[in-house]
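If you scroll down you'll find the structure; I have some questions about it.
Chain IDs A, B, C, D and E follow the sequence of writing; residue 1 opens each chain.
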Amino acid sequence: MLKLTEIDTFYGDLQALWGISLEVREGEMVSLIGPNGAGKTTTLQSITGLLRPAKGSITFDGHDLLKVPPDKIVDLGVSMVMEGGRVFAGMTVLENLELGAYGSRARKERFETMEHVFKTFPRLKERLNQRAGTLSGGERQMLAIGRAMMSKPKLLMLDEPSFGLAPILVDAIFEMVKGINKQGVTILLVEQNVRAALELADRAYVIENGRIVGEGSGEALLSYESVRSAYLG
Amino acid sequence: MKKNLSFVIALVVTAALAAVPLFVKKDSLLTYLCMILLYVSLASSWNILGGYTGQVNLGHSAFFGLGAIATRLLWFAGWNILLAMLVGGLLAIAFALLIGSPAFKLRGAYFTIGTLALGQILYATVGNLFPQISSMPVQDLISYTLVTRYYLFLAVALITVLAATLVANSRWGLGMMAVREQEDAAESLGVNAFQHKLLALVLSAFLAGLAGGAFAFFQIGYYPQYPFSPIWTLDSTMMAYIGGTGTILGPIIGAIFFVVLKEVLSLNLAEFHPTVFGILFILVVLFLPGGFMGLWKRIKDKQQKKRESMAELSHP
Amino acid sequence: MKSKFGVALVILLLVSLMATSCAPKAVETEAPVVTEAPATEAPAETEAPAVTEEATYPPAPEFIELGSSISLTGNFGSLGNLILPGYQIAVEHINAEGGVFVKEYNTKIPLRLTYYDDESDPTKAVSKMETLFSEHELTAYLGGGGSSMHAASIPIAEKNKVPYLGISFALYKIHQQGYKYLFSPFPKSPNQTEDVFKILNEAIPEGERPTKVAVFAYNDDWGKEWGGLVKERAPEYGYEIVVYEENPVGVNDWTAAIQKAKAAGAEMLLTLPIFPDGSGMFKTMAELGWTPKFSLVIRAPEGVNWGESLGKIGEYVTIFPGWHHGAKFEGVDKLNARYEELYGRPADLLTGPAYACVQILAQAIEKAGTLDRDVIRDTIASGEFSTVIGKVTFNADGTGNVLDPLIQWQNGKMELVWPAEHATAPLIYPAPAFEDR
Amino acid sequence: MLLQVEKLNKAFGGLKAVNNVDFSIQSGEIVGLIGPNGSGKTTTLNLLTGFLKPDSGSIMFDGKEIAGSPRCSMCGNGIARTFQLVKPFLNLTAVQNVMIGRTFGKEATMNLKLAEEDSFSILEKVGLRSRAYVLAKDMTLMQRKRLELARALAAKPKLLLLDELMAGLNHAEADEAMETIREIRASGITILIVEHIVKAIMGLSDRIIVLNMGEKVAEGTAQEIMYDPRVIDVYLGKSHA
Amino acid sequence: MLQPLAQNIIYGILIGALYGLAAVGLSLVFGVSKFLNVSHGELLMLGGYASFWVFKLLKIDPFLSIPLTIIFLLLIGFIFYRLIFSRLIKLEVEKKIQNSLLVGFGLSTILQNVALRLWTADDRSITTAYSGLSFELAGLRLPAVRLISLAISVVALISLQIFLKKTFTGKAIRATVEDWQSASLMGINIHRVYLLAFVIGCALAGVAGTLVSICYSIDPSMGLNWTLKSMVVMVLGGLGSMIGTFVGGIILGVTESATAFFIGGNYRLIAGLLLFLIILIFRPQGLFGTKEGDR
């Protein structure tokens, strides 16, 4: 479904990714783990068009994503939740959700989709006309995910959804992510909570210094010493 | 070796400029050179704060105007012109110290807008307080000689360029550039950013004040408000950018280019010359970041790279 | 990115090429002036002794050069556009008779007027004045319009020792700086501020006079001088100044001033706005419903655009313009006829005095018999001249002794209402309220 | 004791970014400060260098209380730092970058000739001698990091704070960097190195302090830390499946 | 004393509405794309001249010709954006502000010169049959022309507000102001949003220009003054809030009028600028701004 082949990406003059290749198959949940600054976020941003790789290819559902303008990538069914959620704090929850369905494909069905999102995140319905800036950290993360769901994605990418959340909320968020995956949405997860990420995922990639250094099923990697050593030595 | 060469060149240019009145007898041409020298002073002094320290100041004309008004009043009151100019410069410093602390609380665009507003306040206030034209008394008119003015402008321009050069090549200059490039990093290394900005402002103000003094001595009749006009700031800023900010030569080249181009355009295109000028300026901003000096540097770099790759080829 | 850079480079190159190719051209156009100047002067000098041999005169210059830096656009543009035709028509009339006879050359020499638009910018005016002097063999300067423009230009004339004739400025202060080359056949602030009260006291019986006065002045040279004189004179003639407001030039919001005048029950308005301020002032007065019984509005209503742009709101204001086409002096008819031909109406207010400037100059040159500027200056200072604005003589400070008529806007036209012997219509007083017009 | 931190507190809004943290550093040590994202490492570093003012607590450095001193005075006190996201003076040459450290840091010199010579030798130390006249903006990340290190060294600090120096470096580069750090310590400079991952500094640090959610959770040698279950939980997370 | 003061304040509000309208356009552009367009005042001038000539040559009432002015300015804005400003969008924020400032100065030089040559330096103003007309209410005069202008400003502001709050495109603009990266991830074409905000800003300047030409007068060199006023108001009201900006304009207008009333007309300009500086120093986020204002 999603296939990255040998991509190199630069931040300004600085190279951040070296020949990253990875694949996500339909219905899978794939984790991308690695230490700070390893290139996880850069990888996601390269897929969404926020950054453009200098080399390599990215295909999604048969489309060459590098030839699709960034604003049309969402329409193809790729959606991303950035680190910290990055909701539009000055706008209401409803407006945030509506913007999630900005793309022409999703806009037509936005009312039905919204009902669907409320089923997953009932809290959002209660806070519908509140400004997003007034939400708690967990609610914001829910809103961010809900907003991404509004675009009716086939592939949902999550960048550190547990970041800055209390442990109890982290559990809840992961439950929801699992639920979304069960509904048939393919998921690419970047997570620093390695154990959780590996337990959840069907497969995982380990990234270090902008290069893929390990790949395998979640369980296999979990027991694999090198993952532990990537962090702790 | 390289330093000596530029020193010699500077000396030769200075000598040539000093000899100009011996050959140029036409008043209109001499006036024209006076304007170039004045703009060299203004653009170079702007560049100390705007170019080296990275604080885009759009209130520069305030210092120019303060220097002019103090000099004019004292000179008419019978003071020696040089002494009057010095007081003009000091007045500009006093104003710089007054506004320094609140102004540097503002960052980026806010500093720029704030200084623009400050300049406008002074412009309007002086217009209110000194609404009447300041004309040279008849006895001074009779003894008016342009050559004296030329030498005064030359002196101010030399002082300004010299001061800018000395500062740029000093420890203070290093600190200013550090503040411009990365204030956090500069502070972490012990550079007191506020002090450096203030020093740059004070120096810039003083030199602009001197230029104002020379202008007051030069102009026969003008409204005291006139040197406070934002036009002076905008012109100096444009010159510094065209030539290349943060370099010594940039504002000088910019001033010459600006004045000469304007004159050439106005001779050849008559009334539409500001339009052509505006278009050129926009092109420079869009396509020549770093101005002429930046362009020069890029050409040199390219040659260097070519030479390097040639060298590599010849030593496989 | 690279191609864009290339494009910019090419453009810059082109421009610098243009600049370099034009630069020598600029020198070329200047060159003839430099080389010819001695050529024309040299014969004059070498042949000067020949004058002692009878009946041989030096070759006359082709023209008597007059130069003017004048505002045709900008704040003072409305004034400049009335003055310039006066100069031009006068030059045309004099040249039609062959020019001015100069004894030194024993021939008539035509006049030539060179003018630049200074765009109402005093600094530009200064540089235009200098250019005129360095590019032409000037015999005299003719002034532009507006006090501040004159204040900037006159020192240049003085420095270059060239006689300067200027009208359309009432600023008196300039005349007290000791300038020797300045002459102005035009009423000054002291005349205006005194005449207004004199006229009112003569025309209106006691008890009906608008004794409560509002003054809207400017914070500039003339505004301050004029306002100060009004304050001084009003009590002498039995008037009380109830509101005195000052604004910087160009701030066309007089709401606060009008409010105060209305609240103080002012009956008369004395003001001297530039055109945009004046029209804004009267629109606001109409909106606020304050109609002074009598308004003296110097400057703004002097052009025809006052009536065009304000309509009824602009009616009944009075002006001291220095002249009116109804004045019964010699030559006025000829001027009016020519003006009518060109512009479809009789000569405008400032056109007459402008015309007179050239007349004075021509008469002075003829009397002096030379183009020597110092001699001409002395002749103007001591002589009496007969012009379309009447007989003119000059005081030691350069001010002229001239008639100061009062004009009023009536039915979209400017009528001469004072003095009686020249009047084309009677003064309308009091002015009807704005609502009732 | 070169540095003694006691009961250091800093909150942003309601979030306690640094919560009652105590630790100390001896002269000549290399100490690692580790913890996951958001654990308060960088905040601690910013408190030590005056970039943030502590809400409460004391920071004794070299026998002097420095908590809350302005950041530009820290270098004079003898503390220099590098930044997590490198902040070189982009439009200045390498040698100018270093000279700024040399002319403003501790033992600052007014003599630019001397400063320039010293700067060359410091660039030599970090392996950038040949790039002395290259603008910082034309350098690679690795070179920029080295440059920042050189700049901090030029300020002649007693204590050098390195903020995620290893992040983004590959193995070979990281090894080189570790070698450089050892040399720096050998020259008598104490080092506090902040890192995300333990691995990067385990061969380097005499002692490691672990932070999580603003609190100190463990302290010890690299070996102790690696197998401390609290640390493993902090890093790999508890099970959520 | 009280009545004249009240009357004076009414006039302050009426002119303040024009300041506000001018500033809203500038603020919108700055908020969305971080372009500090200092040729904003010149755009206002263009709007004024457009109405003036339509009135003079075609005898179309200036209030009715506003749609024409809007179309004209939309076109101008589109051209300027495509030719010039679009080349700056990739720069980092600080550099973007600085370069847009410089480019703006170049543009304003050009526009002033072109206007000067095409239409001379004369002041122009539009006087309609109903100029000078006013209504009386409780002893206070309400001038017709300025009241209509106020109404138009308010309508323009409300339409803008509705557009921003209710339409998808408007929400996309607001989202881009808050976080362009997130907005981009929603599938919003941020370049189109920049363009849209820019041309809307131009159109607002044009409307303000029309109103100025009716209530006051216009000339080619008026731009800088209006740019400065707009910048002052923009900062005064706080970035990002359109209503705040508008209210900021009214505050500036009233401050100026009150200064003219109590201290004298000479000080109205200075009082406004001083107010601005004080707010800039003590409350850089503006009177109604909520965000930290150092960007």
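Heads up, the rule we're going with is that contacts are C-beta pairs under 8 Å (C-beta built on N, C-alpha and C of every residue); 3 or more make two chains touch, one makes a residue touch a chain.
Quantities reported herein were computed from a predicted structural model and do not represent experimental measurements.
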{"item": "Touching both chain B and chain D (chains)", "value": "none"}
{"item": "Required minimum of steps from chain A to chain C, each step between chains that touch", "value": "2"}
{"item": "Farthest chain (mean CA position) relative to chain B", "value": "A"}
{"item": "Winner on C-beta contact pairs when A-D is weighed against A-E", "value": "A-D"}
{"item": "Centroid distance [mean C-alpha coordinates] between chain D and chain C, Å", "value": "76"}
{"item": "Intercentroid distance (Cα basis), chain C paired with chain B, Å", "value": "38"}
{"item": "Separation of chain B from chain E, taking each centre as the mean of its C-alpha atoms, in whole Å", "value": "32"}
{"item": "Residues of chain E whose C-beta touches two or more other chains", "value": "116, 266, 269"}
{"item": "Junction residues of chain C, two or more chains touched", "value": "219, 248"}
{"item": "Pairs of chains, among all present, that meet the touch criterion", "value": "A-D, A-E, B-C, B-D, B-E, C-E"}
{"item": "Residues of chain C touching chain B in the complex", "value": "4-5, 7-9, 11-12, 15, 18-19, 22-23, 25-26, 29, 34, 122-123, 126, 130-131, 134, 148, 151-152, 154-156, 158-159, 173, 177-180, 218-221, 223-224, 248"}
{"item": "Chain B-touching residues of chain D, taken from the complex the two chains share", "value": "49, 51, 71-76, 80-81, 83, 87-92, 96, 99-101, 103-106, 108, 110, 112, 115, 148, 151-152, 155"}
{"item": "Chain B residues touching chain C - in the complex, by the definition given at the top", "value": "26-28, 31, 124, 127-128, 131-133, 135-138, 141-142, 144, 219-223, 226, 260-261, 263-264, 267-268, 280, 283-284, 286-288, 295"}
{"item": "Partner chain E, residues of chain A touching it in the complex", "value": "48-50, 69-75, 79-80, 82, 86-91, 95, 98-100, 102-103, 107, 147, 151"}
{"item": "Chain B to chain E touching residues, read off their complex", "value": "56, 102, 105-110, 112-114, 116-118, 120-121, 124-125, 128, 230, 234, 237-238, 241, 271-275, 277-279, 281-282, 285-286"}
